[in-house]
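Letters A, B, C and D name the chains as they come in the text, with residue numbers starting at 1 for each one.
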Amino acid sequence: MTHLSRLLAWVRTLPPYLGFFALLVAARWWLVPASGLAARVGPAGSGEAALVTWALAVAVAGVGAWWVLPLAGSVYDAFALFLGSPLFQRRWRKFTTLRRGYYSFLIILGLYVASFGAEFLINERAIAVRYQGKWHFTLFSFARARDFGMTGYGMPNYRRLRELYQQQARERAARLAAGTATEQDRRYREEWGDDLVILPLYPYGPIESLLHELPGRPPHPPTWLSSAWRLCYWDEGWFELPATPPADLLAQRPGWRQLEPLQVYKAMALEGLLPLKPGITPPRPFQHLLGTDDRGRDVFARMVYGFRISLTFALVVTFICYALGITIGALLGYYGGTFDIILQRFVEIWSAMPFLYTVMIISSIMVPSFTLLALILCLFGWMGMTYYIRAEFLREKARDYVAAARAIGCTDGAIIFRHILPNALTPVISYAPFAIVGNIGALVSLDFLGFGLPAPTPSWGELFGQGLANLSKPWLGLSPMVALFGTLLLVSFIGEAIREAFDPKEYSRLR
Amino acid sequence: MPDDLLRVTDLKTWFRTEAGLARAVDGVDFTIREREVLGLVGESGSGKSVTALSILQLIPDPPGRIVDGQIFFGGEDLLEGYRRGSYERIRQIRGNQISMIFQEPMTSLNPVFPIGDQVAEAIMLHQRLSRPAALDRAAEMLDLVGIPAARQRLFDYPHQFSGGMRQRVMIAMALACQPALLIADEPTTALDVTIQAQILELMLAAKEKSGRAAILLITHDLAVVAETCQRVAVMYCGRIQEIGDTRTIFTAPGHPYTRGLLRSLPRRGQKVRRLPTIEGTVPSLFELPAGCSFSTRCPERLDQCSTLPPPLIETVPGHLVRCHLARPAASSTPDRASHRPPQPTQSATTPPCQGQL
Amino acid sequence: MSQPPPTDSRMPLAAPQPASSPVLADRLPILEVRDLRMYFPVFGGLFQRQVAEVKAVDGVSFTLHEGETLGLVGESGCGKSTTGKCLANLYRPTGGEILFRSRRSGEVQVHALSDEKRAWSVRPFPMRVPVTVDLARLDNAQMRPFRAEIQMIFQDPYASLNPRMTVHDIVREPLTIHQPHLGAAGMDDRVAWLLEKVGLSPEQAQRYPHEFSGGQRQRIGIARALATNPRLVIADEPVSALDVSIQAQVINLLQDLQEEFGLTYLFIAHDLAVVEHISDRIAVMYLGNLVEIAPTAELFDNPRHPYTRALLSAIPQADPTRPRARRQILQGEVPTPLNKPSGCGFRTRCPIVQPDCAQFPPPLLALGNGHSVACPYHARQN
Amino acid sequence: MTTYFLQRFLLMIPTFIGITFLCFTVTRFVPGGPVEQAVLRYQQLQALTGEGGAGDAGGSSATDGGPVISEETMQKLRAIYGFDKPFYLAYLSWLGRVVQLDLGTSDTFARPVWDVIRDSLPVSLWFGLTGFILSYTICIPLGVWKAVKHGSAFDTATSVLVFIAYSIPGWSAGILLLLLFGGGSFWSVFPLGGVSSAQIGPDSYLAGFLLEGARVEDIPDDERAKHPQLRPGQFINSRHPAFAAVPPAKRQRLTRGSSDDLSWFGQVLDRIWHMILPVFCYVLGMFASKTVLMKNSLMENLGQDYVRTAFAKGLSERTVIFKHALRNSLIPIATGLGHMLSLVLAGSYLIEKVFNIHGFGYLGYTALVARDYPVTLGILVIASSLKLLGNIFADMLYCAIDPRIRFS
């Protein structure tokens, strides 16, 4: 930690033009081309495009080196002062003693960090494939089915591939035992070893449709609900039908007597009275933990990836809103005057917008991506923190230590960032969890209404919509319900504990 | 002892806080006699306000709790009900026989009720008057404390009054039921000097008019005490260090703390280059020294001071000092009542001590 | 030619002020305040237009001499703290001048009459003189170089130290601004030296303010104020938030430091006893105006303004044995500076009020002996 | 004070213009705007009816190729939607019509927007207000009681409840409730949504409240001639004007029908039956914040100096809490009443969608999905005006309750 801070301190002693050149390189050869703006002006290599690229790059680097970087440095200082002061550390220790909130914090943090490894655990792609002695790490690099001895140019179905390899290995072993081995078989035995597919623990992806692998029509129930699955087997025609309905059964169930034979078979199948056709293996009991959705995608995988997306989204939105809110609130509170009055009126107007509806309008028209949706929400969500920070600044500004800082000749920047901001960050910390709760809720609501993230993105809100449309398939509604409830509950436990630790109010009573 | 209006013995009020146990009041004994003005002085955090609030059992709980002691008022231990968790008796006494004036006139009045109602409330409760009658009485009281056009202002809200006027309302409220004891907790600290003089004057005058009240005046300002009180109790770190009549305390203080305090006050007309000081700082309430709490700063410290808590010793009749150095008076008798300070004989408008001067 | 007269008429180098006492006449004025006004606008309405103004300071003039202590007393809201903050450039005054004779010297073109060559001629030539600046016209950046010379000590030792900074950082901060040439090691040494000067041990430097008692915090504030080696220190009620037993320590410290470093104090307080102890001269303010200014002994022995008299008599004394005059209790309340009475601000409570007191604000009349009073009828009382 | 509120009303105007201008601009500059929508509809219509002239060869898909629309028609379309003018002029003319309370004509409903909104508004208000009133009547006493019993087992238990309520968004609880009680998977207790029952069968809970009725065939012919819309095989209920003519012998108690066929009491029950789940969701949405606000506000006031003064007067705990502290702590709660209007509407998009309540929010949602811009903008106008009015109303309430506040 000290090394890092020492490194940071050293970096900050460097003159700003170094930052300018670094940013210029980054902007010229990566940021601006990636934005695709220059391409709109003219074809690549043309004079206009080059001019625009350079101009944008210089502008970005200039603003970055002389404005954003120093600002970020100052904010870092403010946070360092805030986090480093014993006041904060005492509060934090208090927080760690509040078990419910602290454990919730650890759980959420653990789950969130773990969710970034979700690709290794829950994925339709194999982690690695050994084919003819060569290892292919297929998790992040694309490989064609042909490359692994299957047919086709698309991504192989690695679960099938594994079965195939296992079958091939069995056949090879049989040939070797029988002495009819080919040259390739011998190379497998001596040189390559059997082909291997290392699958993730839960080898199904969030946007992979399993329609052609599973029997019946989606949504499929969780595979451990065996009685519910019989309907899927029935739809697929997997049951071995007797020639005539067994008479003893009909004697037991008088109600079945008037039914057509097919209806009787169906009723029997659903009660588990019929055997499956020979050679058919039903899915394993814990293959799809929460079933599939109406497009045959694994719900559990979607839930996990949805958790990562929801939380990331909420964190990003909260962060941007707070950055905006803190900046604007600090300026309003510190400078006051006409600037404050005008901007406050603006904030008033802005917050009089019907928030949800406006976001719905914009996102229904623009079909947002993750970034765009986050930006839209930020556009309407930054005002709350502004009020708090402005109030904090107004209060802190009137205190003597600020006057003392002025009296010793501090610049406005030093007063804002070194003196006031570290003392105004407590509400930022204590409201953040509740803002995260709100932002998760907003994303899920928008997804539910269909104005959220675009279609194949795994999202809880979309599952809610499916749950509402398929009330007889309770796993669709219950899964996101439990996930959302659990997450929000944990986060609000954290929020409550943070509030208790950072803004302790002992309510005392007289009698 | 019939003349003791209020006798506090071994009062202990402790606060359980995040930082530990704060013994804000840790064994306080004193008496208030009828019709006298007793000053309770001490620095901030010495426990003087807590003592006052303990008398009326207005300690915020949690974190505070009166853990020990007796408060005898008219022969009855007020804390008896408190220990049982019953507040019935003290509620009959609060505002009726003992009433209180608080430091902050800005926040001590309910902002959403007209002042007339707030003054009349106690009258209606304790004297069982109807609302119109109680309002009449409230108007009289407001008139008495010098609020101009009192009857018209009955229905004004507290925010329509200035600080001094609000404190007058507080006094009217406190005196409404003609209490036997008026506790004034820093009544003038939040006010300007010239207003402070008005309010002190008014309090004493109103006390005289209403007849029987004794006043417990809590302040950190030794000068206020010197001008208004017959007797003074000096508190330090939750204990009373010295109690006696004003003149003795100011002319011949018995406790090193009182001596140091008086010496360190800049006095008018005495031009000295350097002020004598008490060295060191007030110990934290969480880690008080084992013996005498002043032993960390005392220039006359003995060996036993840091280990053995000194008892209250009667040096001159009626003058008690909590110090190992103090010597009991030769003629001291166990009956303290026989050495009462002179009874107040002042006229209604002048402060009591002026008559002696 | 040895002493070419400076042509800047505002430069109070040569002429000592008539208001100052004869004893101080040999000292040079370090600061001269002329007709200082500080009006705070009151905003109202929807677009927060200015609807009124609070006349916190309404025409205050006085002079501070090198090495003296001027006490500034008055009740809360009388503008004494605002005056102090104007001097420290924490507020931009609405009007008036604050002429400060800086330690810095600057090169000025002096126009002087020269009788060289037996012909009178005006000829400019450069000369280094101490710079006199009007602090009332400097903005924050222009003020910065002069801040090293004017420092401030604040009332509330709990609020005047940034709770998130260590004592070392607090005391060091002015050095990084004003004496960056010291270098890291030099600054650390100076911080340790300063802490020792104010009676704190250097080991305490890495602690945070909340670990100190009120008196110790005030010492930290004093160390911070002294860090830049100032000449003028504005002490804004430095002891009124402290306990009685701590007050004396801090007062002594302030006096010791004044002796050692030759500081000039503007000592703002409401406690007359403290002011009497520490000040050479005392100025009394009421409702934004200076009502009386006099050497300490003179003011206490012979107060002339009815308000000063009332104030002196209203202040209780910690001496039950001392005979004193009958209390003279002022009736009524202090009017709000939002709508001051016309003419003399004190006329609503004045015992000797005359009909024409409402006509015009009374000027400060010099009575001799450095005693001035803003009441034309002061002779009418007893 | 009057000037203050007058100013507030005046300030509404720029605010209102700002909001509508933003949304209007967005609808104008983003692809998929009303003209494209109209073109699409026109093409679909042509493709369906097969009258498309040149477009017939393009096949059934209207989007790729589709019938070619003449430039003339496009001009007409642009003129209809105001796209022939620059956007600011179009906005001004739109605003001019809005000021005259003309919100245009809905694309999908082919009715004036104003009428469409007027139909849906009462439904939303009915649900929203009920939920709002119910939540206040639950939360205020609960908050007060929690404050009085602070730290007790009751307080802890209800705090858990508050946490749970905070962590379940109201609308998602609606989905859960429908799952549990809507008859899909578990119990069939409550209807799936809507405002009243469209079909009541013999096994319905409400079958017993069905009115008497008669078959249309049993109405005497002369009477039946007056009601040409009646078809054979239908039933009429006793509210129908033709019922009086039916001979008593042919009258019979209905066995099936809609909510119109219920008795007055039955209709009320039916309404309530449909309201329970949605209103529960409304209450749930406000429950946590209101309860905690009430509790904290009261606790905060109980620590104030004036409470100590009241105790020092000898008042009982009950008097102090309920007379002195409660009145002060109701101030922030009561100002919430002012935001009621906007809250009732803003919270409704989701809940109305979940419960298929055809109210204001549902209208907004469907209008957005259908890209019905006149309705969308109309709803925006109404919603933002209500929100602005609600803010002013909140200020007025604040003024009325708190004697300290005098806006001047």
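Here, a residue touches a chain if its C-beta (ideal position, glycine included) is under 8 Å from a C-beta of that chain, and two chains touch if they have at least 3 such contacts.
From a predicted model like this one, the values you see are computed outputs, not experimental measurements.
With respect to chain D, maximal separation of chain centres occurs for C (centres as means of Cα atoms).
By number of C-beta pairs in contact, A-D leads when A-D and A-C are compared.
If you average the Cα atoms of chain C and of chain D, the two centres end up 65 Å apart. Between the Cα centres of chain A and chain D there is a gap of 32 Å.
Averaged Cα coordinates give chain A a centre that lies 61 Å from the centre of chain C.
Annotation: 37 Å between the Cα-based centres of chain B and chain C. The set of chain A residues touching two or more other chains comprises 345, 508-511. Among all residues of chain B, those that touch two or more other chains are 58, 60, 87. Those residues of chain B lying in contact with chain D across their complex are 56, 58, 60, 87, 91-96, 99-100, 102, 104, 107-113, 121-122, 125-126, 157, 159, 170, 173.
For chain D in complex with chain B, the touching residues are 303-306, 308-317, 324, 327-328, 331, 401-404. Residue ranges of chain A in contact with chain D, taken from their complex: 345, 348-350, 352-358, 360-362, 364-366, 437, 441, 444-445, 448-451, 464, 467-468, 470-474, 477-478, 480-481, 484-485, 488-489, 492-493, 496, 505, 507-511. Across the complex, chain B is touched by residues 75-77, 213, 215-216, 243-249, 251-252, 255, 270, 272-274, 276-278, 297, 300, 310-311, 314-324, 327, 329-331, 333-334 of chain C.
The residues of chain B lying in touch with chain A in their complex are 18, 57-64, 87.
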